[in-house]
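Order as written gives the chain letters A, B, C and D; numbering starts at 1 within each chain.
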Amino acid sequence: MIRLACDYQEGCHPKILEKLVQTNLESTPGYGTDAYCESAKAKIREACGAPKADVFLLIGGTQTNSTVIRAILRPCEGVIAVESGHINGHEGGAIEMGGHKVLTIAPHDGKMVAEELDKYITDTLTAPSWDHAVIPAMVYISQATETGSVYTLAELEAISAVCRRHKMPLFIDGARLGYALASEGADMTLKDIARLADVFYIGGTKVGALLGEAVVFTNTALSKSFFTIMKQGGAVLAKGRLLGIQFDTLFTDNLYFEISRHAVAMAMKLKEAFKAKGYRFYSESPSNQQFVILENEKLAEIEKSVQVSHWCKVDDKHMAVRFCTSWATTEETIDRVIELL
Amino acid sequence: MIRLACDYQEGCHPKILEKLVQTNLESTPGYGTDAYCESAKAKIREACGAPKADVFLLIGGTQTNSTVIRAILRPCEGVIAVESGHINGHEGGAIEMGGHKVLTIAPHDGKMVAEELDKYITDTLTAPSWDHAVIPAMVYISQATETGSVYTLAELEAISAVCRRHKMPLFIDGARLGYALASEGADMTLKDIARLADVFYIGGTKVGALLGEAVVFTNTALSKSFFTIMKQGGAVLAKGRLLGIQFDTLFTDNLYFEISRHAVAMAMKLKEAFKAKGYRFYSESPSNQQFVILENEKLAEIEKSVQVSHWCKVDDKHMAVRFCTSWATTEETIDRVIELL
Amino acid sequence: MIRLACDYQEGCHPKILEKLVQTNLESTPGYGTDAYCESAKAKIREACGAPKADVFLLIGGTQTNSTVIRAILRPCEGVIAVESGHINGHEGGAIEMGGHKVLTIAPHDGKMVAEELDKYITDTLTAPSWDHAVIPAMVYISQATETGSVYTLAELEAISAVCRRHKMPLFIDGARLGYALASEGADMTLKDIARLADVFYIGGTKVGALLGEAVVFTNTALSKSFFTIMKQGGAVLAKGRLLGIQFDTLFTDNLYFEISRHAVAMAMKLKEAFKAKGYRFYSESPSNQQFVILENEKLAEIEKSVQVSHWCKVDDKHMAVRFCTSWATTEETIDRVIELL
Amino acid sequence: MIRLACDYQEGCHPKILEKLVQTNLESTPGYGTDAYCESAKAKIREACGAPKADVFLLIGGTQTNSTVIRAILRPCEGVIAVESGHINGHEGGAIEMGGHKVLTIAPHDGKMVAEELDKYITDTLTAPSWDHAVIPAMVYISQATETGSVYTLAELEAISAVCRRHKMPLFIDGARLGYALASEGADMTLKDIARLADVFYIGGTKVGALLGEAVVFTNTALSKSFFTIMKQGGAVLAKGRLLGIQFDTLFTDNLYFEISRHAVAMAMKLKEAFKAKGYRFYSESPSNQQFVILENEKLAEIEKSVQVSHWCKVDDKHMAVRFCTSWATTEETIDRVIELL
């Protein structure tokens, strides 16, 4: 069985595992105060061109989103996201558990549009009885988005400018940031992300690690007491070195970017094949996730040999499904899938 | 200046005030354990045809909504409402403060449609990865709705049936329940409400009281520890008698229904005049709130002598405004407004 | 039956009721935006000698405590109180509902001691792994305390100095502030309270009003979005004028202070009688609450004619009970009780 | 440098690492739905003698405690723990973040005493105005405790009986459960734990795993929607197999118990040496943590070659410190430490 349902189906990139084996018997202090964590953070700051940034290593995406948002918002404040944003529908109410409403605007190909964000904020804060409603106070976007689309540099610049005009922190969910940076036609760099966001994270779980997300606060006014807020949210590992070793490895010799490039290249090959064979896409994605609309019969046939992810029902006869690549996806696998189409 | 902006612009119905004056020096135990509260609750049970119901007296609408919902939902569960539902946009995030997401479906003339509710629940609970998302676990509707529309008995029966099929409590926000029961063409009674809901409230603040909402749990499995949950939510008055005396008076000699009928009659007279003069309505309302779309110039002119409530901008040239009647609205006032139109 | 169980057994002071009757038919805007609220706030600022303070009118004590604390603390932060503090044991977990821990230190005659507070803060913030624990971030005291004791000016100055040294807001719960200001031997004024606290409230419910607590933020950096935070917490009355009219009356012609003085005078008369007859006190109180330890038999006898409040069991044979006076307590009542002792 | 500060200083037991290496390239479904998780759960049920138990794999201790407690308690309810309980002081307010108060009673050698628990519950639920206070609704104990002490079977039976009499779930924090089961003189088994608790967890992080805690609900009425509650709390790993593989290995060939026995044996050797040399203990511990009181000078000297954990200041001249053993502690290490004493 070929598995392309998601980018978290295998363990971790072999170089990470090798490092875990090599360091296993070393004795280090707990809770992320070890030298591997320090080294990883230094390399991340360097890669981001943000020497003064505060970096924290958390465990998973939902946890990271809820912890960052909870740390920033005050009571009665909400976070603006597109309806398809991960925090809005796929996190079991984690943001609401922290006491905050997710305020939504319509996505366009999975992305937020700066002008619409601007209008939403202005309309909300000038509506009659606006102060009886949740006050928008930060903005959340995902890069790449939940459906694989990627913001261009110009789009990010525009959103960041709107946020700064309204004095609202911009938080970029980078669970798949590597794949966005390596996406076809990508015109933005990690340094751009660091410059335009107030806080963002570099996803590890879906980009080669066993687990782990590195949060970078370039706006360090927002990170006060963040370690204890993490602790409160159950986001601190006793053996924090597990995160340090992984990110240290990912940010050595460009491994993070290499993994991302490989996965995107595999996805692009698949995408070309879909296109050539006339498949309809559920979203236009230049990154490692490809969303295709399949007839139920065709899907059943493909699923005899390939495990994919059911995204949503399009109509009674069609399902949107996800094909997802990662460091572990070989070219052979892609070739076999293409044959099956 | 004539004020028709809302139904909470004056003090309370004179009979309530009279009773407050008459009882002021009586000494009674605190926190709602007095005889007036007991009497009020007994009369409410009687009026609802629900002799075993648990009745609690709270202070205001937002507080009542959040306290009831918080008492019923478990972590990771959400409440279904229409997008225009009061809990979704006008309560400063009170439901989210309790840790819960408001799950929304589209309103039709301000109302939830039973078939759409059914489909929403089924789709949500059968979607891929449904257990990564907030689990719908109760249903909230308002009778009358936020825009003055009123559910018919058949509509309520249908919604209640969907809820019971899915084993989800139905909670009816009755901040303006009196006006719904007295609305033009109303075919449902208080006993129907009590029979079809698991929990609902009888609004006092907007129907003649200084403040106060009477929550009725006909499904008493849901009211466990509710007094302490109220206390925790700051919803218990030390001088609880203030609520008891008011509801006791409202439910003596049908005062609650009389107040409601008067206000609706005044609203209907106004509605007829709007219709006759060709005004466009923002919503079709048979109850005490009338929503009319006015040109900005006309609005400015009217506002020289009548205070109304700005509801929302319809477009650059038009505003939807609310005219609202209550026990305190005299026929003279209505006549003067009609002249101004 | 004589009732001295609490200071919220009757309605409101006749002057307030008179004003409610007189204004009942006036039409005013909702949610506390009316002229009575404005007037009340102006008078309160004046009485506090704090012309720039932000004043908000809330409904009850538990609600006020939880709303203020929730507005000030960030996640992972806690509020320091004495173990007997109202927020620690009598509010159904309202502070925890807002996500915060109540950090406790031992009371001395119901009061916090500045040196112990200082030591607690220092010890907590220098303990091993301190950042794995809740971070103390504000201080809560009650004036008068839950057992009727009253901080002297020197004690308040000392606590305020500790708070300022550690940059922690000081919040004074003044549910019975009037009785503290009027207490026997009181050496602090309302202006002192305003000067030494960052935020405090002037209790209405227990000092002559039907309901209502006036929150005064002298540190206005803390009151950002407070109205919406109140709304979220269900602490906004639609008929906000009810609060405005009451506080406007209480702060006209010194009524608030007059009520307080009368109640304290009645309590002192009772206290002298207890002393003279050799009763043991549960706490030393110069204010309107007197806590006496009674043998169970004696208590049963007294309760035939006087309703008092059971405070706590002292041992198998003794109960601590509260005798409480208010504006409504007449000298005749006190004389009759004294005869019974 | 010798490190005995904690039991989470090295990576994981070599057998676990070996299994991770061996399975790294296998492709499995995400979020804990893989075969390794299933196998681990089956082995855990077997080891617990609880074939119908619901088992869930979470990441860390604080997260597990807060997720379980949040799943069980309703609003206004609290959890009873001893003051030294991990949830009370070392979790950054995680329980309060979930909206609940930790209700504390005094520990005796780190343990809760059944009779005192019984009295606390009875007193709380019969106190005047008990329903204004947080309602105790579940009981939390740690086995082994935070200071290394271990409940005997009789003590556990007694606590469990009190809980069942009051219909309160008993939750046992087993972050170091292995060390309790292997402790000197231990008279209880894993099956006893499963029989006496309603829910408990088997700690992995501190007993040989990289991370992971296995929650066992023997009272399955409490586990409704627990997966989604975990998701909401950020406690679900995308690569859930990482937990499955670890627990599967730990529960193969008794590895979990073997690791525990080794660590306890090392600790006992150290304890004997301390005793023999006349050191004072901060607590009497038969398990892998030993708490010794050292003079500051002696501590400074020891710390030149051994890293220990500062537990708390005993007085100006003494510190209580923790020596902690694990699977990674060799007999050589212990011998070297003994020489240094």
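Definition applied: a contact is a pair of C-beta atoms (placed from the backbone, for glycine too) under 8 Å apart; a residue touches a chain by one contact, two chains touch by 3 or more.
Predicted model, so just to flag it, every value in this text is computed and none were measured.
Colleague: Comparing B-C against A-C, which pair counts more contacting C-beta pairs?
Modeller: Of the two interfaces, A-C and B-C, more C-beta pairs touch across B-C.
Colleague: What whole-number Å value describes the gap between the mean CA coordinates of chain C and chain D?
Modeller: Centre separation, chain C to chain D: 42 Å.
Colleague: Averaging over Cα atoms per chain, report the distance between chain B and chain C in Å.
Modeller: About 33 Å, centre to centre.
Colleague: Nearest whole angstrom, what separates the Cα centre of chain A from the Cα centre of chain C?
Modeller: The computed centroid separation for chain A versus chain C comes out at 49 Å.
Colleague: Would you give the residues of chain B that are in contact with at least 2 other chains, written as numbers and ranges?
Modeller: Only 75-77, 91-93, 97-99, 132-134, 228-229, 231-232 qualify.
Colleague: Once you've mapped the touching chain pairs, tell me: line, ring, star, complete or other?
Modeller: Complete.
Colleague: With touch defined as at the start, can you tell me which chain B residues reach chain C in the complex?
Modeller: Listed in rising order, the residues are 1, 3, 5-6, 8-12, 14, 17, 20-21, 23-30, 59-64, 66-67, 91-94, 97-98, 205-206, 210-211, 228-239, 241-242, 307, 328.
Colleague: So in the complex, the part of chain D that touches chain B is made up of which residues?
Modeller: 31, 70-71, 74-77, 98-99, 131-135, 224-225, 227-229, 231-232, 236
Colleague: Quick one: in the complex, what on chain D touches chain C?
Modeller: 75-78, 89-93, 95-97, 99-102, 127-129, 132-134, 309-312
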